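Pasting the structures in now, so scroll down.
Okay, so chain A shows up in both of these, paired with chain B first and chain C after.
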Partner chain A sequence: MTAETIGTYAVAIFLLIGSAFVLIGVIGLLKFSDPMTRLHAPTKVGTIGIGMLLMASMVHSFVAGEGSLHELLIMAFLFVTAPISANFIAKVNIHQAVSDAPPRPPRDDTWATLNSPDSDDEDLENRGQA
Partner chain B sequence: MSRAFQRLLPHPFLTVVLAIVWTLLQNDISAGMVVFGLILGILIPLGTSIWWPDRPMGFRPGRMVIYSIIVLWDIIVANLQVAWIVLTVPNAKLKPAWIVVPLDLRDPEAITLLAGTITLTPGTVSADLSDEGHSLLVHVLHTDDPDAVRDEIKTRYENRLERIFA
Partner chain C sequence: MTASELMDIALIIAFVALALGQILSMLRLLLGPTPGDRILALDTMVINALGLVLVLGIHQGVQIYFEVSLLIAMLGFVSTVALARFLLRGDIIE
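And now, the complex of A and B:
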């Protein structure tokens, strides 16, 4: 077996694992009934699924002789940005009260997204009118 | 001397990261590109330093590497667990829960890292921070014991982050 054959098989295996996880993520997205639990599905796709597909791309580029490490950057940027979009969707879900209401925080008044600035800060209100 | 150094390099790690990102973007290593990356890595933190005035006091890169490896391993394990839940647990038997994690961390950078870690490890999504930043709201996909999940987050991730930003 030459290195090229092994590389091809490795690419195929990575692609299969990656697409299996993406498929499971999509099944979860369709299956769950509540928007908050549905949010869990895309976080899976974003980590292992895409990670494995990028791994396949990287192995392929090295087998083909033109090594490429762009994929590492894609992975890094994805890992940095995925939690932020999930966080935003979660906040919208809290506001729309689509699932059970979250418990109150033990030490502070309320959750940051429910804290309306004009109720405790007149300054902001005045600035808005000016 | 150290003040001048701080002026010139407000975020030394950002400088290194930007240089590495630039070199990776070029997809080929040459001396010229590394130098240009370093120039960018010095200019960009200088230009944006007014928006990030308080840099984290202590930061231990060695422990950060160990932490990253632990998180990567957890992502793989948790992915398999959640894939199993998606495929086998029917909706009626699913037990989602909100949990509240009281925070001992005070650095905004450390809290951001913790929230990101919680979201990336499947099965948990960090949803919100309390208005004064003392607790973190986390949603769990399926659990029998919400307190155990909270304790695991605290011992496994928060303790380590506390030692990274010590």
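And now, the complex of A and C:
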């Protein structure tokens, strides 16, 4: 068994794992019942699903002869941005009150996204006086 | 089963899974019911499109699809944040 054969098997297995995770994540997006719960499922598509497809693409380029590690850039970008966009969507859900209110945080009065700091109010008052 | 046969079958399965994922998230986009769900469905569709472009690149053995998928990833993130921000603040850049 040559290295090329092993590489081709690896590409096939990476492709299968990736597509399975994509399918599972999207089924979760469709079938869960609550907006906040639905937020949880597609993160699998973004990280493991696409990560495995990128891995397959990388191994395939090495098997084909012209190796490239460019795909690591996309992987890093996706891993950095996926939590940020999920956080923004969760904020939208909290502000539009479409799901159950989150439980109170242990120490502070309210969650940061619902809290307007006191200094903002003071600034507004000062601006009104000026 | 030889390695290249398995690879062909895996490519077909990946194409079918990604296309099915695209259809199912489009269904969530239509059903809603909340704006957050619609943004999430659009985000998932962008990521699925990225995966489709990647698998197409493996299928054709061409390197050029890397740039396409990087651009899709960046535009998808920016558009998701812009949509969420518009719903949160009523404006994108204040």
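The definition used in the following text is that the second predicted complex is superposed on the first by the 118 of 130 C-alpha atoms of A that agree within 3 Å, B and C clash if a C-alpha of one lies under 4 Å from a C-alpha of the other, contacts with A are read in each partner's own complex, and residues count from 1 in each chain.
Following the convention adopted for this analysis, contacts are C-beta pairs under 8 Å (C-beta built on N, C-alpha and C of every residue); 3 or more make two chains touch, one makes a residue touch a chain.
Because the structure is predicted, anything quoted here is derived from the model rather than measured.
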item	value
Chain A as common anchor, with chain B and chain C clashing or fitting	fit
Contacts of A:T5 with chain B and chain C, given as first, second, both or neither	second
Contacts of A:P102 with chain B and chain C, given as first, second, both or neither	first
Partner chain in contact with A:L15 - chain B first, chain C second, else both or neither	second
Touching partner for A:S68 - first (chain B), second (chain C), both, neither	both
Touching partner for A:L39 - first (chain B), second (chain C), both, neither	both
Partner chain(s) touched by A:K91 [first = chain B, second = chain C, both, neither]	both
A:I27 touches, of chain B and chain C: first, second, both or neither?	both
Smallest separation in angstrom, by C-alpha atoms, between chain B and chain C in the superposition	10
Doubly contacted residues of chain A, that is, touched by chain B and again by chain C	25, 27, 39, 46, 68, 70, 73, 90-91, 93
Contact set on chain A toward chain C in their complex	4-5, 8-9, 11-13, 15-16, 18-20, 22-23, 25-27, 29-30, 35, 38-39, 42, 45-46, 49-50, 53-54, 56-57, 60-61, 64, 66, 68, 70-71, 73-74, 77-78, 81, 84-85, 88-93, 95-96, 98
Contact footprint of chain B on chain A as seen in their complex	21, 24-25, 27-28, 31-34, 36-37, 39-41, 43-44, 46-48, 68-70, 72-73, 76, 79-80, 82-83, 86-87, 90-91, 93-94, 99-100, 102-103, 105-113, 115
Of chain C, residues touching chain A in the complex	3-4, 6-7, 9-11, 13-14, 16-18, 20-21, 24-25, 27-28, 34-37, 39-41, 43-44, 47-48, 50-51, 54-55, 57-58, 61, 63, 66, 69-70, 73-74, 77, 80-81, 84-85, 87-88
Footprint of chain A on chain B - complex, ascending	21, 24-25, 27, 75-76, 79, 82-83, 86-87, 91, 94, 96, 98, 100, 102, 115-116, 118-120, 122-123, 125-135, 137, 139, 141
